[in-house]
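You will see two complexes here that share subunit A, one where it goes with subunit B and one where it goes with subunit C.
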Partner chain A sequence: MLNFALRRFLLAALVALTVSIVAFFLVRVSGDLATSLAGQEASAEDIEEIRKAYGLDRPIIVQYADWLGAAVQGDFGESLFFPDTVWELVSSRLPTTLRLAMSGLIISLLVGIPFGVIAALRPNSWIDRLAMTIAVAGQAIPTFWMGLMLMVLFSLMLGWTPISGDESWRHFILPAVTLGYYSTPPIMRLTRSGMLEVLSADYIRTAYAKGLRPMPVLFKHALRNAVIPVVALASVQFGHMLSGAIVIESVFAMQGIGYLAWESILRNDIAVIQTILLIVCMFYVFLTVLSDLVNAWLDPRIRVS
Partner chain B sequence: MADAIVAGSALDPARALGPSPTSRFFRRARGHTSIMFGGGVLLVIVLTALFAPLLAPHDPYAQDLFKRLLPPFWMDGSVPEHVLGTDNLGRDYLSRIIYGARVSLLIGVCTAVISGVIGTALGVTAGYFGGRVDIVITFIITTRLSMPIVLVALAIVALVGGSLHAVVLVLGLLLWDRYAVVMRSATQQARSMDYVSAARAIGCPTWRIVLSEIMPNVINNLIIIATFEVAHAILLEASLSFLGLGVQPPAPSWGLMIAEGKEFLLFDPWVIAIPGVALSILVLAVNMLGDGVRDISAPENRS
Partner chain C sequence: MSALLDVQDLTVDIPVSDGELHPVRGISFSIERGETLCLVGESGCGKSLTSLAIMGLLPKRAQRTARVLRIGDLDISSASSREMAHIRGNSMAMIFQEPMTSLNPAYTIGNQLEEALIRHRRVSRAKAQERAVYLLEKVGITGAAGRLRQYPHQLSGGLRQRVMIAMALMCGPELIIADEPTTALDVTIQAQILLLLADLQREFHMGMLLITHDLGVVARVADRVAVMYAGQIVEQGTAAEVFERPLHPYTRGLMACIPIPGKTVRGGRLGSIPGLVPSLIGDMHGCAFRDRCAHATSACASYEAMRDQGDGRAYRCVMTPEETMAASMREQAA
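Right after this comes the complex of A and B.
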């Protein structure tokens, strides 16, 4: 296990490094930074000035090494728009996004696991089909539109929830439901197939044969085993939610890193964009490792291969 | 693990478990209805997009500031001339919805083609050659999967400048992961078949084995994934356009129309409801078609 974990971490470190390179170059290569920093009315001399001032005239490899070196020490540069450093800015916004993603994940687990279990107990029953239909139909609805429609219904028409912002837990209800909705189908499906597999296993039959009551068998023996891959999936879904937050936060005007990223993109605040991109990517890498380790810990076959 | 999850969302493990013959029959029937329904709706939308100039009652760009925000037919104060009402600039909403289908379909299909070529090339190469090639390509896939699409696409589109071409190119270069993952494992399976060994034994060149022995066996997967990726790309375009960094005004993109209608949310929620419904119907139709194709092409149903 230790061996596997070490190899996995090494790979993750390599992926993280590559991602940081790609994230850096994508932003630098896809446009001339100096021109966009200078604005539309800048003269050629102004642009040249800015290129020098920001060190953009150096070879791009040197720029990257500089940026990475500083980033590792926690220095992500200055925002062009705010007086704060990028790190202050991002770290003050991160909790909102994490809270939002966490709430979304909890909602999808609370809905997905029970429905998955019920669907597995009665495969092809109406409830199984209903759950599947909702899942298929739901995946066709754009997230931002779903958010807006929920806002129209529950905030504007019924007045149950605040319209936008992030001051209280009530502000998190609609965004979290919207985010959670999209992670529910995969969690439900995995729970369903896991339960179906476990329920046909010999040890469940043995448990029944020894005369255990159905409920403890179901929850203590079956669900416990079936739900473990779901934990791994949940960590990956959490990563998706962090990036899904960019759209949802913009819809509900929540001051998280998603909204900050969007605003920064509109303002061409490159240092902020790059930092958020890097942080979200690192979360992704970390969560993937986490999910791999959980899976390997549970299923020794993965460790060996 | 990443492989399993990505493949899992495309190839549902739950469906692979063998049910009773009766339920298999019903499932196949349902597969057909979803093909019929999804395919039918999609056909209507494609025809609408193709014949948009003939079908649209008005010029989708023609503004009439005296007729701003006229309500659609089911509300009071609507006029028969504008069945779905008019937007904030007095443009006929029905005509804009009809032309919007062009934008969504164009972006969906072009993106799926670009990403399909990239993903298939990577996946088949990794699956066929294995060994070091596989390690390198798997690493590339893992790296790609560690990057959030929306954020990366937004950042690039912002720098390149939003336009239809930019959106297609950026999404096409980003959305190949699922193709690569699935084609890789499908190729690995096809490669171990006897007829592939036979082809190799008689000295077939590699390109020929890949094209005439491997490809026909993995093309099913390719079509299924391509269908889902069309839907995926359409939704992403809508998100990018909604955030103001996709297709630019005055083009009639459904995502953009929702963004433009956002400020009228309070009194005229139909302005955002209509393009959203259009988007959902299109994506649902594409997804159902994909589901149906997957259902009837699964080996268990080929008895």
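Right after this comes the complex of A and C.
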């Protein structure tokens, strides 16, 4: 198990390095940074001056090495628009986004897994059809529209929740539900199909042949095997939520890194954009490792060779 | 003393898209304590469904009816699902055909072995573990204590089937049902597993229903034989009698399929029964084997009664014992 974990972490570190390269270069291929920083009225001399001031005249490999060297020491540079350093900026905004994504994921797991199981136990029953209808709708409705509709209903018409902002947990309800609803369908569908497959497995019949009652068979023998693929999916979904937060935070005016990313893209605040890109990717990488470890714990075929 | 397992007129019907499937059509047999009955027949003749019907593990769609279906004192045909769960794995246990997929990949061998005993006897884990080690050694697994911590994927097919056998024995069942327990194994392992089963059956004085399509298996372990064809038992009797003097043309056909060293011509054609098993969908009348039988006459279309020869010997054919023996001689000559 330790060996397995070490291998996974090493692999993750390599992926993280690759991601940092991609993050760095992607921002630079979107156009000449010096020109866009200088603004439309700038003269050629001004542009050159800015190019020199930000070190953009150096070879791009040197720029990358320089940036990476500083980044691993926790120095992500300065924002072009805020007085704070990028790290101060991002770290003050990150908790809001993480709380939002976490709540969204918990909602989608709490809804997706039980409904997936029930749907699998009664395939083609009304509850199965209802669950699948909700799933199809969830996949089809864009999150921003869903967010706005929830806001109209619960905040404006019913007045149960605050309209926007992120001051209290009540502010998180609607955005978390919106995000959670979006990722519930894949989790529900995968749980359902996994469960259907497992329930027809020979070892389930063995469990019944031992005289086990349906509930122990379901929870001990079936569910554990059925959720293995769901764990991997959940980690991917969490990654989606971090990126989905860009839209949701804008809709609900929450000061998370999604909103910050959106602002920074509009202002061409490259140090911020590239840092957020890197951090979100790091979460992705970390979650993938985490889901691999959880799966190894659930499935001995992965952990014991 | 009444029989351990008594089955009278057991039928299984499964609704399918183009009618109703009748895979088991009124079969009757009984098993005494300490006795091995082999249920023989080719694939799809209803052997496995018979065993699942007794265990109460038929697929949901399948409907089971029986005049008598009883194990020990329990009437299976009227038992609730709770009562059935109480005797499954307890007084009757089952060994399946597929050892590779019959164990849960997520739990250790020990965990899965101990489960039944803990469920039925409410013993401590330590006590269950002790019993598991004892039985693993009994089924010939070395280093039994260490095996408890292993997972199914770390074991070969033969070992897994031994584990399945040990698992079936955990609660000391009176009846053991083995559904083609050696089919999925290497030929070299098959004989070992079979002899092991036969030894354990004798040692623990269990009744055993052994389902197989392999007559070689039957000859080695059976006390009594029931030959099944198209959902019916066509011949029944002690193993010695059935092998010595097969009364049904189908039984003789099955036996002719076994190559015998010295007798079967090298490079010659192996024995086979021409034709196909009839469809088991819809109503059936007369002898189900008549389309494939060399001795079929017009009378076969309506005859389907069992000819009882006494002492549990019976067969289902329009020919009298004298006629069928004469037919047998003609087959031999041909």
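Criterion: the second predicted complex is superposed on the first by the 280 of 305 C-alpha atoms of A that agree within 3 Å, B and C clash if a C-alpha of one lies under 4 Å from a C-alpha of the other, contacts with A are read in each partner's own complex, and residues count from 1 in each chain.
One rule holds for everything that comes next: a residue touches a chain if its C-beta (ideal position, glycine included) is under 8 Å from a C-beta of that chain, and two chains touch if they have at least 3 such contacts.
Every value quoted in this text rests on a predicted model; they were computed, and no experiment measured them.
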{"item": "Contacts of A:Trp169 with subunit B and subunit C, given as first, second, both or neither", "value": "neither"}
{"item": "First, second, both or neither for A:Phe9, with subunit B first and subunit C second", "value": "neither"}
{"item": "First, second, both or neither for A:Leu148, with subunit B first and subunit C second", "value": "first"}
{"item": "Which of subunit B and subunit C A:Gln139 touches, first, second, both or neither", "value": "first"}
{"item": "First (subunit B), second (subunit C), both or neither touched by A:Ser243", "value": "first"}
{"item": "Subunit B versus subunit C as contact partner of A:Asn225, first or second or both or neither", "value": "second"}
{"item": "Superposed model, subunit A: greater residue contact from subunit B or subunit C", "value": "B"}
{"item": "Touching partner for A:Pro300 - first (subunit B), second (subunit C), both, neither", "value": "second"}
{"item": "Common interface residues of subunit A - those touching subunit B in one complex and subunit C in the other", "value": "none"}
{"item": "Partner subunit B, residues of subunit A touching it in the complex", "value": "11, 14-16, 18-19, 22-23, 26-27, 30-31, 36, 123-124, 136-137, 139-145, 148-149, 151-152, 156, 186, 189-190, 192-193, 196-197, 232-233, 236, 239-240, 242-244, 246-247, 250, 261-262, 265-266, 268, 273, 276-277, 280-281, 284-285, 288, 291-292, 295, 302"}
{"item": "Subunit A partner contacts - residues on subunit B that touch it in the complex", "value": "1-2, 5, 8-9, 12-14, 17, 19, 23, 26, 139, 142-143, 145-152, 154-156, 158-160, 231, 235, 238-239, 242-245, 255, 258, 262, 265-266, 269, 272-273, 276, 279-281, 283-284, 287-288, 291"}
{"item": "Footprint of subunit A on subunit C - complex, ascending", "value": "55, 57, 82, 85-90, 93-94, 96, 98, 101-108, 115-116, 119-120, 151, 153-154, 164, 167"}
{"item": "Partner subunit C, residues of subunit A touching it in the complex", "value": "201-203, 205-213, 216, 220-221, 224-225, 298-301, 304"}
